[in-house]
């Protein structure tokens, strides 16, 4: 099994909190954005993608966030509902904020970039008063994404959500998801990442993200064991550190570590790999899989999504995922 | 003829100053934006459209503006150059600004709306120091669009451009182009519209735009003759007041007025009508047409553009325009 | 006489518009502020000082401005009323703004400096809608001070006041009063100084202030005759250019110029010299004095004020002023 | 004795972090500020006052903060140094910030208020990179004041200081010192107060301040025992809750509570009572006093300061304090 326990008497499996935005993916690929002409619109944002992935896998999923009071915002809410995600925690901005945008550029499968619109966005205007203790305590899991910490009042809304989750034994997953462009100051970033991580049961991030958090405190080791054990001294039970092409390692408080393997895929773009991994990994952990099995499910989901055009709409159902695991080639990492 | 004179010894026919942005036009029409999926990217912004229209008609055209330092900004500069517009006056922002966006929604030919992204946009960061007196004095005409007055430092850049234009007898066309969403305060808007209009030779706007400017000064007549004569007491020689479906009236300082007729068109969308009208109207006035003939050219150009998908890319060449005038049905307004 | 005419059928002689603030003058003089311990509180701000000077001289005076909703704001309004200044045009801020402060440091009579508090100040929050056309048309003179142009919405309020004044033939005096610390950008400053000066009948400033305005337009002559004649081509009838210790020169539209002399004084500090000069100079011009006589009155008033501790409270009555002129030594400038 | 232990091998007794500002105390008392004329200048700000009190009592004291680059800032640094406070942790702002001001109004001994200038103040611009781990680890005690949490980057600087203090076993005193006027949102305030308090060894505040922190989490008991035990579940060893005229109660982790008595004083003003109390209370705890004895020292110090004109300059030496305790009447609270 795995070191996590989930409160079973809860009507919702997972509530995600944070960014809801729009991806505008270039239809013409393998060229710079200067030469693309048309875009397709998808719901995006890391916690949105994870929530959609979770719902596709059959989990009862909810969302806490804020959308703009315009066609973009309504498109997002409609899409979540079409995917059976509970949106009672999604409020509508009344200040004239817009929906964040991410224009994607796919020059080659390995050379992808994003052009972001993050000024005056609705998702960062979520206020602490819009986070309901009664709602959070109905969930087994709270999924927090780091981008929601970038600005007030969304930053404070997340800390309030963490208080409620800790108080009611909701298991908290923290997907670091650090995006430098929404932050103005690296030290500011690191302060809040560290404060939030202290209150989380599972922390998932890249080596570079953990390094950013440690640099603030004059820690420059970049040592996975040290990083994991630092968080075990707070609340964490499981720490996943990603090393890009070299795969991920999951550390558990009992001292074990687990490496994930890879399902080689026909890659269209790299976007969405982390979110699809997270949604299936969490699903596995919540459904009596071992850490290694859950990591394998994450890898399979990532392989499926990076071969498709969108991040959110590409998320597999549990049947697709199981079928893929059963039939695709899997390469364990030594 | 017409009341305007143009300095003939200038290498450039027209320089436009102001907004350069991107239109993202929904490919699926006759539905709300919540239900559209794909968008096509075009250069947009009123002065950009007029400059493109001017260049297509064969005028030597330049632009003074600012673009973002990203793929969107480079797409705009590339497109202007492809259309033979001189871009030596187009600077590149270095502060992390983005390109303004306009998502269009075409619910029906008569029910079109725009969703704007105007936070932290590069075009409003044009600084007075980036407006060259030497460049402006090379032009016969300066085309100013009101949206550039919305914020500092673009606002001050326009006033400096007006000083240079007046000093060197560059004929100034002021297209009011008032867009409430980029302004925070109607009185603030009206102050700068009035100050700028004092320094212009031709003023083109809707009745509502002139009303907004007059309301500030406790003038509530909404009277075209009064409006025109107020501006004749400053510098204006020609004032065009648009009355939507009822057509436009052009007043000249000598007391004459001229009504434009209409070329009935198969309307796809209403966007771009004003910009295409302006580019052909200015072309006519600069090429020895009477005011009435220039207005007819404007109407023809508008008819062509509103039957096509884009605003900028749809601008006709002089051959297309002349052919349309020669063959299409024309309804004079009584 | 002088070239100005004033509408005699007006109940108010002069309305000043703009800055109302607090001076905190060090009681210990001839030392740096690091070593001063106590301060005395006075009403300050250039137009406030001029209005107080005007009222002391017996003119019917009013004020248009905005004060903070606290003890500082009420102190200002009380003081104005005690000096018989009409305050119906003084509104009270409701946004939590503070009163601007000026801490003075008098190291020696010739080495004085000011430490300003100008963040979030009430005076710059005066809104165009708070400027009454009915009120302005009751005055013979409108006194505008340049600092009110530093920020929106005060900037637009001044332009609206200028429109009303011009419409109703209120003679406008523009005291440039350029304070670099309230402006963020010299080009921005210069644009609005120039636009405002076009609408004024009398312009009073230092050579450096006029240079700042001309530099924007690539004029680098620093030539008094040129400067004066540039403004005569707009609306001005009288332009006063100050050359510090070398005295001031007043130019009139008919080509004449006038130099002011000096009343040698026992100087305590240099603050307030310009404001006291302006109030008595305007008084003279409004009371059938020649330009030279009015300048002499200005010099006398300045001599009185710079020998006293405050700027505002030190303003002389007409009896004091006349007595000073009659008895003090006067040195004409050759 | 008391429950706290202090690392004895440290060269500094106490480092305070946070606000450095100027108090401008009206010399004329028993009247509203509208009627006061002169002010005396003192160094102010809660942590500054506590540091000055600490130094006067003979403790080796340092400060971490930021001052403006002007006469006010230099006055503060000079005054700290004159009081033998180490200022190597005091940096000078380079962004044009000003020194915060507090104008005091003493209508009667029991009706005192403050008019604050807190826009663009230097003290809130302290950056995490300006907080030195090497410096903090030289101290026995770190004194944190809540106002420093009001804005970024000072807020993050405090969290970094807390990390260093916890890492190096520096005993942290948290003086809540909640001033609503520097905060824009009560929920935002409460989030950071709670996060900081988790990392502190001693928490001192009024009942209202603790209520504000608890309200965020839907705790409305206003129960001292509950409040204290909530913080004991984190890091705190000692929690002091003040009940205004009814005195204070100190709770220790072992379940004990202690009430302070009062030294009846001839009150001039109430300002400075809390800061003088804190400085002597901390002194007592650091010098082998029991909690009750330390509270008595705090009360004596408060009595001395509220009978004098300033907060900082009025802080007693250890001789004055001891003499006062030995001779003044003391009323224990039952």
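A, B, C and D are the chain letters, set down in written order, and residue numbers restart from 1 in every chain.
Assume a contact is a pair of C-beta atoms (placed from the backbone, for glycine too) under 8 Å apart; a residue touches a chain by one contact, two chains touch by 3 or more.
Chain identities (UniProt): A, B, C, D = 5-dehydro-2-deoxygluconokinase.
These numbers were taken from a predicted model, which means no experiment stands behind them.
Fewest steps needed to get from chain B to chain D, stepping only to touching chains, is 2. Chain centres here are C-alpha means, and the one lying farthest from chain D is B.
The centroid of the Cα atoms in chain C and the matching centroid in chain D are 44 Å apart. The mean-CA centres of chain A and chain C are about 61 angstrom from one another, to the nearest whole unit.
Distance between chain B and chain C, defined via averaged C-alpha coordinates, is recorded as 41 Å.
Across the assembly, chain A contributes no residue in contact with two or more other chains. If the chains shown are joined wherever they touch, the resulting network closes on itself as one ring, and no chain has more or fewer than two partners. Only residues 127-129, 133, 152-153, 156, 159-160, 163-164, 167, 185, 187-188, 191-192, 194-195, 216-218 of chain D touch chain A when the two sit together in their complex. For chain A in complex with chain B, the touching residues are 24, 27, 32-34, 36-41, 70-72, 74-75, 78, 98, 101, 103, 105, 115, 117, 119-120.
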